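Have a look at the structure below, then the notes.
Should a chain be cited, it is by its letter among A, B, C and D, assigned in written order, with residues numbered from 1 in that chain.
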Amino acid sequence: MSSYAYLGPEGTFTEAALLQVPGAENAERVPATTVNAALDMVRSGRVKAAMVPIENSVEGGVSATLDAIAQGEQLRIIREVLVPISFVLVGKPGMELAAIRFVATHGHAWAQCRGWTEKNIPAAEYIPASSTAAAAHELLDDGADHDAAICSPLVASRLGLTVLAEHIGDVADAVTRFILVSKPDFLPERTGADKTTLVIPLPEDHPGALMEILDQFAARGVNLSRIESRPTGLFLGDYFFSIDADGHIADARVADALQGLHRISPGLRFLGSYARADRREYEVARHTSDQAFEAAQGWVRSILVSPAAGSEDIG
Amino acid sequence: MSSYAYLGPEGTFTEAALLQVPGAENAERVPATTVNAALDMVRSGRVKAAMVPIENSVEGGVSATLDAIAQGEQLRIIREVLVPISFVLVGKPGMELAAIRFVATHGHAWAQCRGWTEKNIPAAEYIPASSTAAAAHELLDDGADHDAAICSPLVASRLGLTVLAEHIGDVADAVTRFILVSKPDFLPERTGADKTTLVIPLPEDHPGALMEILDQFAARGVNLSRIESRPTGLFLGDYFFSIDADGHIADARVADALQGLHRISPGLRFLGSYARADRREYEVARHTSDQAFEAAQGWVRSILVSPAAGSEDIG
Amino acid sequence: MSSYAYLGPEGTFTEAALLQVPGAENAERVPATTVNAALDMVRSGRVKAAMVPIENSVEGGVSATLDAIAQGEQLRIIREVLVPISFVLVGKPGMELAAIRFVATHGHAWAQCRGWTEKNIPAAEYIPASSTAAAAHELLDDGADHDAAICSPLVASRLGLTVLAEHIGDVADAVTRFILVSKPDFLPERTGADKTTLVIPLPEDHPGALMEILDQFAARGVNLSRIESRPTGLFLGDYFFSIDADGHIADARVADALQGLHRISPGLRFLGSYARADRREYEVARHTSDQAFEAAQGWVRSILVSPAAGSEDIG
Amino acid sequence: MSSYAYLGPEGTFTEAALLQVPGAENAERVPATTVNAALDMVRSGRVKAAMVPIENSVEGGVSATLDAIAQGEQLRIIREVLVPISFVLVGKPGMELAAIRFVATHGHAWAQCRGWTEKNIPAAEYIPASSTAAAAHELLDDGADHDAAICSPLVASRLGLTVLAEHIGDVADAVTRFILVSKPDFLPERTGADKTTLVIPLPEDHPGALMEILDQFAARGVNLSRIESRPTGLFLGDYFFSIDADGHIADARVADALQGLHRISPGLRFLGSYARADRREYEVARHTSDQAFEAAQGWVRSILVSPAAGSEDIG
């Protein structure tokens, strides 16, 4: 049976993301207290893969996740999952909206529900919690400091808590992105709507070094959907780039771009090619299709096999 | 008297950053509970300027700050401050290291001291707090849940708390960057070691759109020290770029790059030109100096003043 | 009265080009034996302007013209003229096609009529002449070596020679380009379908130096219609570039590109902005219009006038 | 025995170039009256290879040669030869300098000796000839129109003509470039100081199309030593580019650039990789070496062989 780690505790949006993975519902699911702890379970072989937030998460983890997979023993992203972020307000048994005085949740979730709370429970005070799920769990304790919690619908239903209000996030349709991370042994198959994630150390800090890197993509018609410079932490002004590019390493244009990048910055890391969760396809220009690459390689090869001039007594 | 907002409560690293601003020690300093709240005090005129974390902060706020100044009523960055991040462990009066069972602090600070805590107080349990300073303040309450807190040296000395251990962060020499933000009425003077911060909406999502933007910098020899794509939140795949470039808008090459950017992406935001906190200077190529720009403009102007051919009966 | 030099003798395609210039028909027209001689008459003030071939001329002169205007005292191109190249075969009085044994003409014209001559007068022998017009003129001499000449319709009609065959060039619709050159005192007015000619020394011989130059055009959406590297003659491997770009220096995007070029290669020469003879217009992208440049400059200027921060007791 | 064509007649600088080819001295050497005629002898199999001028030739032929090898049945450049251009003035037997009234030579040679002739034989008149060698040959005829000829030292010595003056060219150290052209069956071996010649149709006439082409070279650190846009003759504004690039198609970076070009402009022509006549070597950046290409290909290949995720019951 497969086993998965995820950023816990039970009932987080991250667990909701994991439950989207085929087979995960019946697999062992191990909550981890931090992103790093989840990834370490993969590295040690304790689990097959780990689900962690990568972007805009209400449970945080963005920069932490980026930095964690950029360094240390190599890992591989094998799947991307989008989870609609919908907050509910849950209370202790019998609690009513008007009576709420203390609300616990994660700081990010609190920030994302400010509009609703200021209007509907203006007198309520905020109690920080280490996660939305933890805040909900604690409501079951008799000694809980708080009367209510803001959490995911998943944890609310699982714990059987009273839902006092639904959809209380300020942004409708908020969505958070999660990634499933394994050891670097697998390469998901090409689907035609894929994404490739890379970590690229900046070879030299001069105007144009970044351009040189990006040109490797542009020259092959490969679009970028995310770019972030991150300090390496080694010394101020030393950066690496974390990049998502459209396409799969099995696409000739992506493979060619990666070769170009490897030449410029041999220390780059391939973090995975995997299906885009939003299934958004991208146009491929005629001259960057696999066919165009194959034709070009064939053409050059046909020239290279000519016999040397001079072999027939000329020139 | 000037007045400043900052991400509070009292004693945060952000207040330490504010205290580096000349005159701030004797000015009114207003703590705010969130980055947005601090910025809103600037927008409303309640304070002259606000100090907020911009990068890697132990109190969080990075993405929040980037997004907050990228949208809404315009603001201007007028100063950058670096604060060495040094953590101390403080306890209730009389508390000894061996007796600690519950330690409160902000989640980021807890993560940054994991090495030390696992080795020195392995049995201690983590209690989340909304900031390192809040965790310390609460130690003064009789009913505090926790025995100790991880916080800044500033808040420890201000509250007269017992310091049980110093320099407990896992990374020596950690430094966090803060920015001082005002209304868009001021432009700090050029110092020769400056930084310009911009927010640039991506005009179109095609391979090369980002290149076109970056080329505006590269073509003028302007180096970038930070770049981040950020989702606009309007719809998936809609991005803006948050960029720090070397130099001041009063440098001809930076002004020229900004003009090029404005033509491509007229919705860009100028968030300020201000002295680099690290005073690191950058080389300016001969052909991107102010002199080269002036000479080039003079040359083109000298041609444009020629009388029209035909005016003298030829051609 | 205006006076013009042209690459002679009388009746050349170059004179035909000159006759297209308004007023030239009634002006003094001075034939010159070489392109350099024609240009020197401009430099010395002997004539107001000179018409010389610039491309593909049946009378040669392409490289010679390029090099002549690239060096020495500055000159200015003020007009471009296209002349349809149509060859006729003319004979001595009474001569018939079948009787022709020697045909004189310029080497380029001979080459361009090979198809016709091989088919129609296969036995005829070629006699080189310094120009098509000279070959025709000589037919009037009693002692001429040749029986017939290949020349322009203009010279045939002017000398009253018997035309034995018309349109004998192998390429129908051949057209040659000529330029009218004056002292660098004039700048033709912008017409909306203009061309700008430049001579740009390559600043350094490294991969990318040429790219840097061309990027100055591409970054402003300026298309090139001709580019040629020419050895400077100073030493092997030292080049300059002769370039025709779409647009007029009075177009903001062209002026901006020229400023960029001047910074990179301050020794560049502006050889003129003038109406395209083919009147072909070009599309101007929204973000490279004069309006976009004006808006961008206004935006940057509006920021630069902000008072210095600190002037009001902050930051 | 090998046989070679060359742009004749006997004694031209082109024959001098051919004589530099090992073995040519004892091979059959067939003079041709035009560049096209010489190339046609190669195409038909009449000769093994042809020597023709490619640049700045005193016998012309530059544009003609470029255009001739760019079109029609494919050919291959297999060798480049540089010939120092040195002119001599030869006279009929017994002729003295002061007595010369008519001087025959090719127009280009006449132009290149103008300084000397204006100073030393100012009264002499110019008689055009189809080549410098032809002018010299005709001096042996009793009925020659001219008293003297300007030609190469080779033809002077071969015909035993009286040399009246040596080194009469205006430019000391003038050098002309010639190429040896065969059928497209041979590929000279890589020497480390090579040149690759290409003909590239411009895929589309938009600002940046040329940039896209040149970027294929720049992105691989391949320097260009010559570039020329040439009208295709199909319609005005339709161009191809004639390019010389540093390096040999057997260099990984050149092969990679050619593949990139083939994808953009599949109609491009490979005209040959051959040793540079000037033996000038070029620096190869570490990241464009054959080793860097091999390492990059190996790295991408190592990723592509990973088994598909899912095959082991995960993700």
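By our rule, a residue touches a chain if its C-beta (ideal position, glycine included) is under 8 Å from a C-beta of that chain, and two chains touch if they have at least 3 such contacts.
As the structure is a prediction and not an experimental result, all values here were calculated from the model.
Considering every other chain in turn, the ones in contact with both chain B and chain D prove to be A, C. Chain pairs A-D and A-B differ in how many C-beta pairs are in contact, and the one with more is A-D. For the pair chain B and chain C, the fraction of shared interface numbers is greater than half, so the two copies use mostly the same residues to meet.
Distance between chain A and chain B, defined via averaged C-alpha coordinates, is recorded as 24 Å.
Between the Cα centres of chain A and chain D there is a gap of 56 Å. With touch defined as above, residues shared between interfaces to two or more other chains in chain D number as follows: 215. The touch graph of the protein chains shown is a ring with every node of degree two. Going by the touch rule set out above, the chain pairs that meet are A-B, A-D, B-C, C-D.
Residues 34, 36, 55-56, 60, 62-64, 107, 111, 126, 128-130, 145, 171, 175, 205-208, 210-211, 214-215, 217-218, 221-229, 231, 233, 236-237, 239, 278, 280 of chain D are the ones touching chain C in the complex. Listed in rising order, the residues of chain C touching chain B in the complex are 2, 21, 23, 48-49, 76, 78-79, 180, 182, 184-189, 215-216, 219, 249-250, 255, 258-260, 262-264, 266, 270, 274, 287-288, 292-293, 295-297, 299-300, 303-304, 306-315.
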